[in-house]
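Input: one structure, supplied below.
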Amino acid sequence: MSAPSLTPEIVLRTSPHLHSKRSVGVIMRNVVYAMLPVCAYAVYNFGISVLALLVVSTLSCVLTEHMFCRAAGRPSSIKDSSVIITGILLGLTLPPGFPLWMTAVGGFVAVGLGKMLFGGLGFNVFNPALVGRAFLQAAFPTAITTYTPAQATGRFLEFIPTSLTLPFMQPPVITDWVAKVRIDAFSGATPLTALKFDKVTTEIMPLFWGNVAGSAGETSVILILLGGVYLVARNFMDWRITASMLLSAMAMSGAFYLSNPTAFPNPLFMLFSGGLMLGAVFMATDMVASPVTPLGVWIYGAVMGVMTILIRLLGGLPEGVMYAILLANAVSPAIDNLTQPRVYGTKKKAEAKA
Amino acid sequence: MSLLSIFGGKRLQRGVHVPEFKEQTSQLPIRRMPFPPTMIIPLSQHAGAPAVAIVREGQEVVRGEPIAKSNGFVSVPMHAPATGRIERIALAPSARGELAPAIYLTPWPSASQEILYGAPQDIEHMTPEEIVKAVQETGVVGLGGAAFPTHVKMKVPEGKKVDIVMVNGCECEPYLTTDHRVMVEQPDEVLHGARIAMKAIGASKIIVGVEDNKPDAIENLRKAAAAYPYIAVESVPAQYPQGAEKMLIHVLLGREVPSGGLPSDVGVAVFNVATLAQIGDLLPRHQGLIERVVTFAGPALKKPGNYLAALGTPLRFALEQAGCTDEAAGVILGGPMMGPAISSLDMPLTKGVTGVLVLTRKDLESRNGDILPCIRCGACVDVCPLHLNPSRMGMLARKERYEEMETDFHLMDCFECGCCSYVCPSHIPLVQHFRIAKQMNRERKARERAKSNA
Amino acid sequence: MNEVSLGFIFIDSLLINNFVLSVFLGICPFIGVSNKLSTAWRMGVSVIFVIVVSSVLAYGTNSLLIAMHAEYLRIITYIVIIASTVQLVEMFIKKTSPALFRALGIYLPLITTNCAVLGVALFQTARNYSFAQSVVFALGSSMGFTLALVIMSIIRERLELSDIPNLAKGTALVLMIAGTLSLAFMGFAGMGG
Amino acid sequence: MGHDHGATVSPSENMEAFLNGLWKQNPVFVQVLGTCPTMAITNSARNAVAMGLATLFVLVFSNMLISMVRRLVQKQVRIATYILIIATFVTMVDYIIKAVSIDVYKALGPFIALIVVNCIILGRAEAFAGKNPVWQSILDGFGMGIGFFIALFCLGSVREILGAGTLFGFSLFGSNFQPWVLFLLPSGGFFTLASWLLVFAWWKERGKAKEAQA
Amino acid sequence: MNTTAPRADMPPSSALIKLMGVVSLICGLLIVTTHQQTLAPIRHNQEIILSETVAELLPGAKKQVSYGVDASGNLSIVEGAEFAGPRLFAGYDAYGGLIGVVIEGGERGYADVIRAMFAYSPQKKAIVGFKVTELKETPGLGDKISSDKKFLSNFKDLDASLEHPIVTVKSGTKKNRWEVDAISGATISSRAVGRLLQKSTKEMIPVIQRNLQRIERGN
C-alpha cells in the first residue's frame, strides 16, 4: 500500500481523461472496408481491367501523398488511410476500360491538386477523388465516356484493349472488340447515356443488382447501400447528407416526372442509375468537404440532389453527380457560415434585432 | 448523431453516452474514513473571497468549532473537522497546483470527536433572510463540484422571481456515485434541504431530476416525497452532461438560461443533492460542514467506495485507506470528463471534491493517439450541449485567433464539459484549446484595461 | 440581330460562361479582393451597379456611334463612359447614402480598371444584343462575377485556418481553386436552352 | 516628380529599366498583373504571340507619348490623359490586327480592346513613364512588354503542346498523341498559370536556400 | 473627364482644357489615320474569307453574288461583308449557270452558339456542302463537327426538300436522306447542327424558291 508515483507526462494532461474509441484511422479504415464489396463486384462485372484500374488508382494516390510529404519534409501521412479511400473512389468512378496511364494521372491530380496543395488531410476544399475525376473528364473527354458492356465474355482473362494504352497515346477504338465480347442484352451504353441520347429507360432490377454498363463501381445499388448501412450502423458516416441528397433528388425528379411522364424518366430510375448512389453514400459524405452544422448538412445534401437532377435532365451532360458534388463542395463553407447553430441561451438574429 | 435522437422526449438532445464505470462503487454504502494524523484546511475551498482564519497557531479547537470566518457575502466560514490542535497556518498545495494559505490541524487521537457545537434552530419560524444567514453560517457550498456558496443561490436577486427549486441528482460523470449513495441513504435529508431552500427562495415547487441509471435512488426519493404534493421526482435518461444545471433546466422545463445569465433568470434555482442533504441535516442543529462523501474509484484501487471523509484529509492518506496499488499512474479530482489531474498528493480533500479517481497507465493511454488535423466530421458540433461549434473554434485556436472565438463563436459560454474532446476522432485537445483561449482573452482584456487606465 | 432568349442569356452569363471562371474577365479584382467576405461582397455589389449602368450607357452610345459612322471611337468612348459612370455612381452614392459610401468608397475607383466592366460593353456590342438583352447580359455577368468572388472569398477565409504549404500560399492556390471551380462550373454547360 | 535628371542617363540605367520588366519585376509571374489576357487567349502559341505583340506595341508607344507630354500634364487630369492615350493606341492595334489577319482578330476577340484596362499599361504609365524621360520610358515599355510577351508565350506554348500536341499548329508527337483537352479549356488556363507560379516560387525558394548555404 | 471647379491651388481650368484638347487632337489624328489606312485591307480580308468559304462550299463557282434578305423575304444585292442581316450567297460557274446557294445559320450547341454556312442546290433540293464558321465546342469532342470526315459526309447530299424536317439520329443509324448521322460522343453538338440546318432551311429555302429566277439571273 504505497502512494502512487505520478508520472508528470500523464498527470499534466487536462480533462477529459476519457476518449471514445472512434479515431480518424478507424473511420477511414472502415470506409475502405465498406467499399470492398463494391470493388469486388466491379471486378466481377467488368473483369481484370477493373482490378488493374483500382490498383493503379490507389497506388498512384498513395505514392503521390507520400512524395508530397517527403518533398515538404513532413512525416508521411499515408498511415491514416484517407488517401486509400481517395484512390479507390477515383477508380470506382472511372469507366472499366479507362487507360491505366490516365488513371495514374488522375491519381496524381486528385491527391496533389485536390489535397496536398491545400495542406493535406482536413484542409481540402473539394473532394480529392472528384477533383481528379473532373480533371480527367476535362482532359480526356473521349476516353472517359467510352464505356464497355458488363459481363463481357473472357473478361477475367483478357484486358479491355483501352486499359493498356501506352502512356501519352490515344486509346484504340474498340467498337469491333465490343461487338465481339458482348453478351446479348448487355450494351456498352450506360443507362444514363441511353436515356439522354436515345430516350431509353433501363429497368430497375438490373440497376439494383448492378449488371449494367457504367463506371466501374457505380452499377450495383444494393452493394453500395449495404456499405452505407454498415457505416451508418457503426456511426462512421453522416447519414443525413446521404438521406438529404437522395430525398431531394427523388423529389426533384419526381416533380419533373409528374409534370411530363413521357418526357422525363421515373424517379426510381433516376435514383438508381449512374453515380448517384455511389456519390451519395461515399463521396458526398466526405467529411472534410462537407459542412459541420446540423442544418448545414441537410442543405448541402439538397444542393447536391437538386443539382444532379438539373444537370441530368436540363444540362448537356448525361451525368451530373460529380459536378453537383464539386459545386456543393465549393459552397459548403458558405453553407457552414450561414447555418451556424444558435448557441444555447442566445437569441436568434431576427429576435435579437427586434 | 445517432438515428434515435430524432425521437424527442424529455431528454438531453446533445451530449454523449460515456461508459459509466459506476458499478464499482454504486452499491457500496457510505463508510467513514479514519482521521489522518494531520489535517490541512485551505481557507479557500469555495468560489468567492477566501475565509479569514480566527484561530492562532497552537490553539486547541473542538470538532465543529468555527476556525475561519466568512469574508463578505460571497464567502463562507470554516469549521474544525476534528478536535485537536492548530499546528500552524501556512501555505499548502491546492488542486490548481499553486500554493494557498491553509490551517494545519492535528487531531487528538484520544478525543471523543463528539460534535459539541451548535444548537437546535426552529426553521419553520425563520424568515428567508434568517435562513440565508443560517445557511451561510453552516459553511455549505455546492458539493457537486462547483463549490459555490449555497446561501448566495438562495438569495434571489432583486427584480427576479424564482418559482422552482430544482434538485440535481443526475451525477452524469462516470465513476462518481457520491450523490447516488446520498440519495439512496439520506432521501429525507435531501428533501428537507430542498424544502428549506424553497422557503428561503420563496418558490412553490420542487423538482428532483435523477438519471434513470439510479433506480434505487429514484425509488427512495419517491417514497420520501410521497407526503409532499409540491415535490416531483423525475427520471431522465442518462446522458452526459445532463448534470450541468443549464442542461438539466432545459431538459426538465424546456427553459433556456440566457447566455452569460444565471438559472434565476428563468425562475429556477438548482441545488445538488449532497448539498441539500447537508443543509437538511446541519441547519436544524445549526452546525457547520466538516465532512463530506467522496467516491474513491478507479482500477488502481483495491478498496474503492464512498467514504465519508473529514474535510482536510490529505490525499495521500486517503488513497492509502482506499488501497492504492502500484499501478496507479494518475489521480483525478472529480469525474474523468471535467476533473483536473493533480500533480501532488500532499493536497487535502476539500468541500468541492466529489470523487478521487485513480487510473492506471493503461486507462490514461486509451486517450493517446496522434493529434491529426480536424477532418470536420462534425461529431463535436453534434454533441456540444450548448450548440457551439468546437470544430471551428479549435481551428481558430490553432491559428491563435482567440478574439474571434469569443466575439463570433461564443467561447465564453463553453463550460468545458469535454464532450467535444471525448468524441474527436483526430484527438484534438479542444477543451484545452478553449481554456487557453479564455485565459489569453482575459489577459488581453486586462492589458487593455490597464492601458486605458494608464 | 440576335434571337437568343433573355433567360438563356442570363443563365449563360451567370453560370455557364461565368465571367471570371470561363471568360477570364475581372481576374485581377477576383484575386485581389477575394481574401475577405465582407470586402468581396461590397466589391461585388458595386460592380453589379456599375456594370448595369455602364452597359445601358454603352448601348446608347453605340447606337449613336453607328448612326454617326464613328465606330472607330468605340473603345475610347466606352472607357470614358465607364470612368465617368464610376465617378457618377460614386457621387450619387455619396449624396444619397453616406453609409453605403463609406462601405464602398475605396472599391469604386478600382472598378475603372476592372476589365469585366469594359468586357460587358464590348461583348454586348460584338454580339449585337438588343437593349433588353444587353441589360440582362449585364445583370447576369456582373452577378456571375459577384458569385465567383463571394464563393472564393468564403473558401479563402477557410483556407486561413489551414496549413497550406509555403510554396502554394497566395495567388497560386487561388488560381488552382479557381481552376477547380471552373471545372465544377462545366457541369452547367448545356443548361437553360 | 520622381527622379527626372533630364537627358543624361547612363547606359547601365537604361539597361536596368529594360531588364527590370523582363525578369525581376516580370508583370505576370512576379507582380501577377494583367492576368485576364494571360489566361484568356493563351490556348495557342499563335494567339499568345499576337496578344504579346499587341500589348508590347501599346506599352511602348503609350509610354513614349505619356513621357513626352508628362511635363504638361496636371495632376487633376493625369489619369484621364493616360487613359485617352492608351485607348488611342489600343484602337490602332485593333484595326491593325484586323487588317493583318481576320483569323487572329476573331481568336482574340474583345480581348484586344480590353488591353485598355490591362493594369500593366496604366501601371507603367503611372509608375514610370509619367516620371521619366522618353528614352528610358520606351526601354521600360520594351522591358515590360517583352516580359509580358514571354509570360504569354510560356503559357500559350505549354497549353498548346499539352492541349493539342502541336506548337504554332505543327504537330509535335505524331497523330497518336493523346491531347489533354483540359489545357485548352478555361480551367487549363488557371492551372497552367498556377503551375508556373509554383515553379517560380520553388525557384526562388531554392535560390534563397542556396544563398543561405553560401 | 470631369474638370472640377478651380480652387486656389489648382491651375486655371482653361489650361486643363487646353491640354486635353491637345492630347485629344493627337489621339484623334492617330486613330483616324489608322482607321483610314486599315479600312481597305480589312474589307479585303473579309471579302476574301467569305468568298473563299463560298467557293469551298460550291466547288467550281467562278462568280459570286451576295443577297441580303429583309424581313418580308425580299432580296437585294449587297456587299457581302458589310451587310448585317441574314445573307445568301449565290455561286455561278464560268458560263453563268447557278451552281448553288450558300445559306448561313446559327444554333446553340454545347458550349456556345455554333455558326455555319452550308450550300443548297435548288436543282437537287438538297444540301451539298457544309462548313462550320464559328464554334466554341469542347475541343477534341464537340469540335469534331467541323473536322470529322464521316460526319461531314452527311452533307454531300442531304435531302432539303422540306417534305421531312432534317433531324440528327444516333450514330450509325442513318436510314433516310434527310437524316444526319451523329458523331458518337458528340451527340449534343451533332444535334445542334441538325437543328441549325432544320431551322435555316425552313426559313431560307422558301425565300430561294420564290426568288429562284432572279437568283438564276444573278441580279
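A, B, C, D and E are the chain letters, set down in written order, and residue numbers restart from 1 in every chain.
Going forward, a contact is a pair of C-beta atoms (placed from the backbone, for glycine too) under 8 Å apart; a residue touches a chain by one contact, two chains touch by 3 or more.
Since this is a predicted model, take the numbers as computed values, not measurements.
Comparing the centres of all chains, each the average of its CA atoms, the largest separation from chain A belongs to B. Among the chains in view, A has its Cα centre nearest the centre of the complete protein Cα set. Ranked by distance of CA centroids from chain D, the top chain is B. Look at where the CA atoms of chain A average out and do the same for chain B: the two points lie 48 Å apart.
Centre-to-centre separation of chain C and chain E, using mean CA positions: 29 Å. Inter-chain spacing, taken between the CA centroids of chain A and chain D, is 42 Å.
Measuring from the averaged C-alpha position of chain A to that of chain E gives a distance of 44 Å.
In chain E, 1, 27, 31, 34-35, 110, 138, 140-141, 188 are the positions where the chain touches two or more neighbouring chains simultaneously.
Multi-chain contact residues of chain A (touching two or more other chains) are listed as 113, 119-120, 122-123, 135, 138, 141, 316.
Chain D has residues 80, 84, 87-88, 91, 95, 181, 185, 187-188, 191 in contact with two or more other chains.
Two chains count as a pair here when they touch; such pairs are A-B, A-C, A-D, A-E, B-C, C-D, C-E, D-E.
Of all residues in chain C, only 37, 150-151, 154-155, 157-159, 162-165, 168, 173, 176-177, 180-181, 183-192 touch chain A in the complex they form.
Those residues of chain D that touch chain A in the shared complex are 173, 176-178, 180-183, 185, 187-188, 191.
Contact residues of chain C toward chain D in the complex are 21-28, 31, 72-76, 78-80, 83, 112-115, 117-119, 122-123, 126, 166-168, 171-173, 175-176, 178-180, 182-183, 186.
Listing the residues of chain A that touch chain D in their complex gives 102, 113, 135, 138-141, 143, 165, 168-171. Chain contact summary for the complex, chain A toward chain C: residues 72, 113-114, 116-120, 122-123, 125-126, 131, 134-135, 137-138, 307, 310-311, 314-317, 320, 322-324, 326-327, 329-331, 333-334, 337.
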